[in-house]
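Some notes on the structure that comes next.
The letters A, B, C, D and E name the chains in turn, as written, and every chain counts its residues from 1.
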Amino acid sequence: MTSQPLLSLRGLSAYFPIKSGLMQKTTGWIKAVDDITFDVKPGETLGLVGESGCGKTTLSRTILGLRAVQSGSIRFDGEDLTGMSLRDLVSKRRDMQLIFQDPNASLDPKRRVGATVRAGLDIHRIGTVRERDERVAEMFARVGLDPSLRNRFPHEFSGGQRQRIGIARALIMKPRFVICDEPVSALDVSVQSQVLNLLKDLQEELNLTYLFVAHNLAVVEHMVDRVAVMYLGRIVELADRDELFDRPQHPYTKALIDAIPAATPANRRHRALLKGDIPSPANLPPGCPFQARCPSVMSKCKEKMPPDFVTGGNHRVACWLAEDT
Amino acid sequence: MKLQKLTQMGLASAVALFVASGANAETLRFRLGEDPESLYNVETNSLTANTVIASYLLERLVYFDKNGDAKPWLAESWELNEAQTEITFKLRNGITFHDGEPFNADAVVYHFNTILAPESASPHLASMGPLTSIEALDDLTVKFTFSEPYAPFFNELAGATGGFNSPKAVEAAGSGYGRAPVGTGPYMIDQWIPGTEIKFVRNDNYHEQFRGDAVNKGAPHAEEILLSVISEDGVAQAALEAGELSASMLLSDTIAQFMDHPDFNTVIDETATNLMFLEFNHQKAPFDDVNMRKAIGYAIDRESALAAAWDGFGTAALGPLALGIPGFDGEVAAKYGTPYDPEKAKAILDDLGWVDSDGDGIRDKDGKPAEFLIKGYAGYAHSSRTLQVIQANLAQIGINVTLETADWGAFYPSLLDDGWDMDLMRWTARDAGILGELFRSPGHRQKLPANAPLDDLLTRCNSTVDPAARNECVSEAQRMLLENVTIVPIMSNWTVIATQGNVKDYTIDRMGYLIPGDVRIED
Amino acid sequence: MTDMILEEQQTFGKPTGSNFARAMRRLLRHRSGQVGGGVVLVLVFCALAGESILPYDPLSIDPINRLKPPSAEHFFGTDELGRDLFSRILYGSRYTLMIGLVSTVIAATFGITMGLLAGGGGKWADMLIMRVVDVLLAFPYILLLLAVVAILGPSLWTAMIAVGVGGMPGYARLIRGEVLAQKDAEYVEAMRALGASHLRILFGTILPNVLPQMVIYASFTIPLAILAAAALSFLGLGAQPPIPEWGAMLVDARTFLRTAWWVVAAPGMAIFVSILGMNLFGNALRDVLDPKEMSK
Amino acid sequence: MANYVIRRLLMIIPIIFGILFLTFLIKALIPTDAVSALFSGTVSEDKAAEAIAQIREKYHLDLPWYRQFGIYVWDVMHLDLGESVRTRQPVIDEIGFRYVNTLILAFSALIVAIVVGLVTGMLSAYFKNTWIDVTSMSVGMMGISMPAFFLGFVLIFIFSVQLRWLPVIGRGDFQSLILPALTLGFIEAAALSRVTRSSMLDVLSREYIRTARAKGMSESYILFRHALPNAFLSILTMIGLQIGNLLGGAFIIEVIFGWHGIGELAVKAIQWRDFTITQAVILVSAGTYVFVNLIVDLLYTWVDPRISYEE
Amino acid sequence: MTALLEIENLQTHFKTEGGVVRAVDGVDLKVNEGEVLGIVGESGSGKTVTALSALRLVDEPGKIVGGSIRYDGRDVLSMNKKELTQLRGDRISMIFQQPRVCLNPVISIGRQITELLKQHRDISSKEARNTAISLLNSVGIPDAEKRFSAYAHELSGGQAQRVMIAIALALKPRVLIADEPTTALDVTIQAQIIELLRELCREMGTALVLVTHDLGVVAELADRVAVMYAGQVVEETDVETLFSNPQHPYTQGLLSSMPVLGQRAERLTAIPGTVPKPSDMPPACRFAPRCKTRISLGMDICNQEPPQLLRTAKGSVRCWAIEGAS
């Protein structure tokens, strides 16, 4: 298992400028993605967990080259994508695909679903038109849709079916790496499990590597091999799945797990609630980004950004509490 | 400075909003079709401006009586020298301008010298012809000297051009004079809201009215005259009906309802010094051929055009001079004109080789179909209707024409270019000199080929001062123009005016100007 | 998994078809759609019907029968040149409709291109194009029209070009706004993620999705174009005689309002009914094509 | 906010510059100039050639268009709008009071348009797809469903000739204002009516309206206090756009009702090819348009707290 | 004891171009004083329409075409406009899924509370303001005095839902209908809101109707649960029974398809297929096409005759399999 990572991020940051004043000068930055470092190994599923506004969507778009990189590097299959020309990046994109959260919004309402699935092949001019159509039919069957439905419009499908179309669109490119951005959070419970099973099946069949972005810890726990927890643009904790769920170390991870509603009424409990809201990522104070809500905040937390502390095996946590362990 | 002025104007206007205009029963309200650009006759020559200037404000040395003969007005008398190159006027004594300045020989000299001065850039400069100098022989005697005899000059003297302004006022007002003219006329300007209305008040120090054709020899009846700018005929008609106008010139389309109405009178002036006619691009085949032009002439149904365009209020024309202009020769017109005769037209076209060889209803020659472009002025419905009648007439004889109308600024200059075959023109003039202006080669649109006999004749008409001799010359010119089919005359329309029933003595003089002192409101 | 496909089949009814078909169905049930659509249909029928349905030649003059009031012989009476007004109105519908359509097509083609390039063509293109649009919008509309006519010379085509030029900035602005709104939509991002080029996204993905907004807008600019052409006719710069374009007919007839009302009423009512109908139809279109309605 | 206002005011300069540039470009493309328009039709130009040359030189019409443009921009920067070629009077005298007239008419018409547009638009939105909808929309769109001059003639005929309530001839007083303001207002009402309807429909389907209903607020309260303020943003935008029409597009109304504003002047000036006037009208109305739209943008912050120009 | 809010055989239909959609088709529900009733269902199950129907808030083209709704013995469906506005917001109030869009964006949150107070109570502006501020305090809005004049866009989702709760509970209503109150919120905020609802309702004795798709939220809060599927209640029972001994195959499937924290199963048991389209309802039992029980038992009746609601020990269930067994 010492194989080369498929995706490797080193100190990746993506900022948005804040402009103000008469001349619209940049007076500050929203650090949507701030100094992110992790690897994704071939064939594994890395979960990326965080609440809204934590930067997980920006991170996934940045990896795909859809957002500008402020600093740091993205290496895919050993190649540095950050310095790559647009043309090379475009061809690289065939290997990296994205499954979107909202199947309603991510399908072009004016395009027949067959054409939507075929779009990638058209763009990269793969095969003849006939071959493309054959591959679309094949892909439809593979994600559990009747290929005869190719000529319908998205609005004629249910949410789950639309998500299958979205999956087909991504996988028709035969990618090696797929970012699943909250792939089931817009779906009904009964459909959600179908799609999760489908993703798992496809991963096995096609030997895919997933970056699985989600906010639902129960889903993440079910799907992934390792978990990275993100808060305000930073990875605060990263560990193997069992390690993280059984022995969470960061107070934020603990709170996240604790906040999940009970599975049965018998497990109702009084929970330690995090106070307050998630602060805006613009102009954060120095120190730990979690300081404002942390139940065990220390004075040190307000002064210095905690570095990554590695505790036991592959468990990495960015919290001063872990300094001593 | 400029900004300050703007705000002042604004305030004045805003205040005016809530002040009802206080005009009394002794106010006459007339319509103006458009706002005159200036009322200084040296710098303007538009019909509207001329009418306003000549009717109310300024008086001239002479006027034309009903027969078209020049009669003394501010002049007591005049005499010509033997060579007919000097005219000496004796002026009436005791006449003053509105500002109290005396009207004298100096005022006359000043006026014509100003027109002659190049820096005035006067549009009348051209109509001064061979006038070389004006001298004041004494306080009441003026001598005009010409390098050669110049017959149309009396027309200029009797028109707006010949009206006199107070030299002192002109000097004092500078460039603003056009808004505040000072003359000797029966009315004085009181207020002019540009684009809106011009208000005149009675000149209470008015001298005697010396015109022979005026009924009222004393000061005018009405205290005030209000000229409202109304460009739309329908609006003028409504204003008349609503009693907001005392009188208005109207299009003949709208006059019908006032004709037999007990509450209104109509004044119809059949003098008709205008002419609507079809012109040709003589430099372009096939209209370089006189027979071709003649065929067109025979094809035009003038009565239909007259009915369509002017509801019949006019006279079909066969001659090239309007019937109201001295020198008009009806006999020549009848003899050499091209009355409506489509058969004749067809015969001529056949002779010329224009035949319908492919049976599409349109004649052709040498493989070229008879398709032509007529340009016209878009400003008035009557011109577009006439064009449509012409189009139908020509279709009858197998000629297909396309019509293209435009505003004057585009239409008239475009005739200097080559992309047209015929145009519909309408002209208003008072003097037969117009024939020379328009048709002496290369013509007003630079399209007439040199025609030495005609050119000489037209020149001679202008330098023949004696009326009888001049008329003979003008008749000859009319004949030649008809023989040459330089143009195809179509019609002259009458001036049509409706007044309130109680408005009396609304008289239009030979020059087409109102005699305002006569107009009165009967109780 | 085969079992699942079978089950999915069961939940699938007959195809509900394209958005267009759904919009048409909804339009038929819309009151304004019924009224306006009816008027538009009649108008289109008249325009397409050809000259065979005309009782008289709309162009041949007959001065003897000028200004005859409506009768069994002439339903709408005759005009100042003795032409049958009913025939002229029917015949003129094609010109009136043509003015609306052609000028709108001109405005839309250039406006859409400008808007797409401004909205999707980067900061500088946006800056430049939108300043041009600002200038055109701030420029008094009628003067813009007059200027175009003054440059090109008056004709029916010039009038249509002028009105088209005048309508351009409106389209550009609308499209730019729509493009900006759609630019970050997920389905656009999905195309980007697949590596689609800028132009493909702009014209292939965004354009089809902003088209309904365009159709709605066009349904309101067509009647406006007809009126603008009538305004040009008022200045004698619209359709040239003897073309029986309604605006030009109305302008030429206006002096007869009191003496021969039918000459004015025929084109006046024709314009009024058509344009009101088109506007109501536009309203209905807005209701049925609105993206929010579409997703219901 | 101040920064925003300054930035927007500075943006006016390139727009005005662009408009003047366009104006001169048009002027260069139009074949006739003021002098030939003035002289043609009275006497043959060749005879008046000297006078024409004089005037051309005086008004720089003999120079190439870009040099005329330069001279004009220089003069405008010195607050000098020049002199009308046709009347030989300072342009400012021609345009000043007409501008005020236009503003008065535009403002009055705007009030009419807002009243008519809002009432019909709201009615029609609230009774969507009923006959009330069709009827009130028809009323709202009445004005724009016929050519302005036709509507104007009909109104004059009814109110001035038949009923004798209002004068035919515009004298600049309040009574003369009523008919043109009504006509123009009705014409401009159509767009407002439509925008009101569609934004009210949009707003009425919003969740916060359901919330208000769930709170037990009365229907009229919901309509006027909850829905209308939200719909007002797009209505305001439309008003801003309409100012342009009201300033320059009212020429037919001005001609028919004898309400002498800059629209009428501009159209006549372009027919006379009197470009100093045309330029000044364009300058003034474009400037007003841009300025009014700045005001509208600033009003947004007042209508909608979500919009803020402060950083 | 009569129920506080009682819905019987409710039928709410939508007229669409595809025909009449029976969004709610014969729903019976009962809410007792102070109780928490959970209504669980997936999208399209009719749960939200049921909730809206209770206050007659269904928008066109939806219409309540049958059944009865009684609040405290009074017939809600026959109330006139005035009575209805008196009921709404005062006796029965409601909160919705997307708190930020449910607040009027151009009216300050303070005024959105005071306008409610003034509509239903005869109080002065000053009193209303004070009440509003103390309400904001009690739902945990920090700095309530200052936030009084804030607008919706200045609030986070959690804060907005707190404000919505403040509005809903301002007049101490006897029933609060909460439609997916936590769905749009982040996990940590969701927990806060659940706590807040639990506390406030208990404090005021307000009965809570909790409409949600999230069984976890039901497990946390509800006393009784009604499970809805395709416009009908398929099972109704107390919360413990539902989780420990679900009767209806749909409930069973729902519970087993949900990933549960700590279970870490390799595969989830999914319910095959999708919720039927309203235009294309199965003729008899609406769940039949997706029902594993039917397939394994080979029951034909499920496709022939609609099952009736059957009383069980702790509640009721709508299923032929249960009927056959009993």
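One rule holds in what follows: a contact is a pair of C-beta atoms (placed from the backbone, for glycine too) under 8 Å apart; a residue touches a chain by one contact, two chains touch by 3 or more.
Because the structure is a prediction, the values reported are computed rather than measured.
Student: Show me the overlap between the contact partners of chain B and those of chain C.
Tutor: Both-contact set = D.
Student: Applying the document's contact definition, name the chain pair with more C-beta pairs in contact, A-C or C-E.
Tutor: Per the contact counts, A-C leads.
Student: Looking at C-alpha means, what's the farthest chain from chain A?
Tutor: Centroid comparison gives B as the farthest chain from chain A.
Student: When the centre of a chain is set as the mean of its C-alpha atoms, what distance in Å lies between chain C and chain E?
Tutor: Taking the mean C-alpha position of each chain, the two centres sit 47 Å apart.
Student: Report the inter-chain centroid distance for chain A and chain E in whole angstrom, where each centroid is the mean of the CA atoms.
Tutor: 31
Student: Whole-Å distance, chain C centre to chain D centre, using C-alpha means?
Tutor: 22
Student: At which residue positions does chain A touch at least two other chains?
Tutor: 158, 161, 194
Student: Please list all residues of chain D that touch 2 or more other chains.
Tutor: 149, 153, 157, 205, 271
Student: Where in chain B do residues touch two or more of the other chains?
Tutor: Those would be 232, 234, 407, 409-410, 414.
Student: Show which residues of chain E lie in contact with chain A when the two form their complex.
Tutor: Within the complex, chain E touches chain A at residues 42-43, 156-159, 186-192, 194-195, 213-217, 219-220, 222, 239-240, 243-244, 253-254, 257-272, 274-275, 277.
Student: What part of chain A is in contact with chain C in the complex they form?
Tutor: 61, 64, 66, 89-91, 93-94, 97-98, 100-102, 104-111, 119-120, 123-124, 141, 144-146, 149, 152-153, 155-156, 158, 161, 166, 169, 173, 194
Student: Touching residues of chain C toward chain D in the complex: what are they?
Tutor: Against chain D, the touching part of chain C is residues 30-32, 35, 131-132, 134-143, 146-147, 150-151, 220, 223-224, 227, 230-231, 234-235, 247, 250-251, 254, 257-258, 264, 268, 271-272, 275-276, 279-280, 282-283, 286-287, 290, 292.
Student: Help me check something: in the complex, which residues belonging to chain B touch chain C?
Tutor: Going through chain B, the ones touching chain C are 232-234, 237, 251, 253-254, 256-257, 301, 303-304, 307-308, 377-379, 381, 384-385, 387-389, 391-392, 402-407, 409-410, 414.
Student: Under the definition above, what is the set of chain C residues touching chain E in their complex?
Tutor: 3-4, 7-8, 10-13, 16, 22, 25-26, 29, 296
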